[in-house]
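We call the chains A, B, C, D, E and F, going by the order they appear; numbering starts again at 1 in every chain.
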Amino acid sequence: MRSTLLHLLRHAPQDDTHFATSLRVIGPEQGLLLIEDAVYALLPRTSAVNAMQLLPASIRLFALESDVLARGLAIDDLPQRVSLIDYPDMVELCTRYDKVLSW
Amino acid sequence: MRSTLLHLLRHAPQDDTHFATSLRVIGPEQGLLLIEDAVYALLPRTSAVNAMQLLPASIRLFALESDVLARGLAIDDLPQRVSLIDYPDMVELCTRYDKVLSW
Amino acid sequence: MKFAIALLAGPQDPAARSALMFAEAVLAGGHQISRLFFYRDAVHLASTLGVQPQDECDLARRWKAFINDNGLDAVVCIAAALRRGILDAAEADRWERPVANTGEPWVLSGLGQWVDALQTADRAVTFGT
Amino acid sequence: MKFAIALLAGPQDPAARSALMFAEAVLAGGHQISRLFFYRDAVHLASTLGVQPQDECDLARRWKAFINDNGLDAVVCIAAALRRGILDAAEADRWERPVANTGEPWVLSGLGQWVDALQTADRAVTFGT
Amino acid sequence: MEPDLKSLLVISRQPPTAIAAREALDLALAAAAFGVPVSLLFMDAGVLQLLPGQESTLIEQKPVASNLQALPMFGVEDLFVCQHSLAERGLQPGRFIINCKAVDSAEIATLLEHHDQVVAL
Amino acid sequence: MEPDLKSLLVISRQPPTAIAAREALDLALAAAAFGVPVSLLFMDAGVLQLLPGQESTLIEQKPVASNLQALPMFGVEDLFVCQHSLAERGLQPGRFIINCKAVDSAEIATLLEHHDQVVAL
């Protein structure tokens, strides 16, 4: 049985290999949610944000807004395809995918 | 006043940026000691071990033998320029350099 | 839906708050939490002895209140807890330690409780990897 | 030579053993240890409550024996310890906690003790970064 | 209750010297002991657990070998290892403590999709 | 006793959300309070502490800004930031919470050599 999967990332891509790992194994219909220090993947002009931009359009990208703002990232600089969400949205997202994998 | 420095590394180069950082800032007369998981920098055929081989010959390289053996690395495969030491040697090494920087 | 939530990181890690915010949102969204499971350094959240600076949030206190207020099943991995010096009265007694530093609402139990939660929940979410 | 040794990582980290092996070798080599300083998660080594599996080494017990046997000055950062629920009798009393989980030979004190050790030792070595 | 869901445990962070490595294997063994079918995937630093010849008693640790070798006895037989993680560490499959099937990124994506539960430790 | 040794504290691991970041700055402030001259070098994830506009109250944390801005008041005035770490994160010096001199790897090597004590946290 094939099922849908939400990848949950929490470590900064510059400090931890799991960002690269998850991009390598993500399937075309899966989702990626950045929380905690993983939102540093959205820093403009980094290889991490470029790699995310190159993912197939069928992969949905999300980030927890409070974690983005808390770390001083400017909302205006974020890639358009990243949806900013709050905790109630995150719960809803977890119900929409069949399972959640935390890296 | 210029003084000599021993870099003490303890994290695997594949998992942590501090191996690369220390190689970038090491001075020509300094030393590098690998302990704990940093000995994985000695795995043959890795970019880490290659980078160490390319360091100026004036930089002395050391590794804690018990940590090397405990992790299953074969002594025969290690670069010749790496000296295997024990804890008494490590203490002696710390006295020989003016200061020790743990990354 | 029934959620199982596991936390692996300790009180000093941002994950300790993320997991709590998420758990609160799960209940607020009309879902259930079938079990909370605390593993590795997250067992320290069950300690009654932490003293936080006045201007920092006390996550151990807040987790405890959240668990009590909602009557949740909060399991602390017993093997991880013993290693890290988190003992309830029964374990302190068993291992002949002079005092205990955890107790209600936290329950010390085995990893099987997590396995069971993974099997029976509709969604399992892990924080603090 | 006079060595100051700091440990930052907790009992579950390989650094907790490395630092002990190094400290033993310092004394065996005829040098002195002017101070041991335990910061961040290393404060957990001062807990009296840890219970290790029989076939694993009990580093908290061994550190304590090493400190006692050699009459060393072993300072646990008080701010880091309070946050992490490591309290001696005086702190348990001050913060109105029912029990304490550390005491002799460990001394809870401020970061100034590390600053002082860094200044006055011939060599300072940090483990567990 | 769906007691026969197949779970995949991804061991992706812990070199063998970390207590966390042992704690991850403990979860696999607990799952197996409770009759839950479980597959294991070693990735990133987790692949270092598989290296033969670890003389871990030199650093006063129990060898992980015994925990790993217990897996098949507990019925944990689907063992995978990430090819990319091996290559990064200059390692080749075939000379490990236990037999693992080397898988590439596409195969890992399939594994993640086809298991009902996925937990990374 | 050489009470006037100059120390360099390398803050190289902690993003601002880690308690460890605060604990590293605490050491700098403690050193300054004891009259020990101290320089600071921000590297790797440590440079993220310098980003302006961190609304850390949204995650119920004290902003690191106040700790950072206290440094000059305590006499900690030699502040450096690693150019390479900034570039890796797409950042440019000049718009940070506090003024730091950007240094390249050769300059960092010199800093490490010319301070009497070097501690990385």
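Just so it is clear, a contact is a pair of C-beta atoms (placed from the backbone, for glycine too) under 8 Å apart; a residue touches a chain by one contact, two chains touch by 3 or more.
This is a predicted model, so every value here is computed, not measured.
Chains making contact with subunit A as well as with subunit F: B, C. Compared with subunit A, the chain whose C-alpha mean position is the greatest distance off is D.
The greatest centre-to-centre distance from subunit F, using averaged C-alpha positions, is reached by E. Centroids built from CA atoms put subunit F at 26 Å from subunit B.
Per-chain Cα centroids separate subunit B from subunit C by 39 Å. Chain contacts: subunit E has residues 13, 17, 19-20, 44, 59, 61, 117, 119-120 touching two or more partner chains. Along subunit D, residues 12, 14, 79, 83, 124, 126, 129 each make contact with two or more other chains.
Looking at subunit A, one finds that residues 14-15, 17-18, 36-37, 67, 99, 102-103 touch two or more other chains. Taken chain by chain, the contacts fit none of the simple shapes, being neither an open path, a ring, a star, nor a full set of pairwise contacts. Every pair of chains meeting the touch criterion is listed here: A-B, A-C, A-E, A-F, B-D, B-E, B-F, C-D, C-E, C-F, D-E, D-F. Only residues 1-3, 5, 7, 13, 19-20, 23, 26-27, 30-31, 33-34, 36, 117, 119-121 of subunit E touch subunit C when the two sit together in their complex. Interface residues of subunit D facing subunit B in the complex, by the touch rule stated above, are 1, 3, 14-15, 18, 21-22, 24-26, 28-29, 31, 122-129.
Residue ranges of subunit D in contact with subunit F, taken from their complex: 8, 39-40, 79-80, 83, 110-112, 114-116, 118-120, 124, 126, 129.
Within the complex formed with subunit B, the residues of subunit F that make contact are 10, 12-13, 43-44, 84, 105, 108-109, 112-114, 116-120.
If you check the complex, the residues on subunit F that touch subunit C are 17-20, 59-62.
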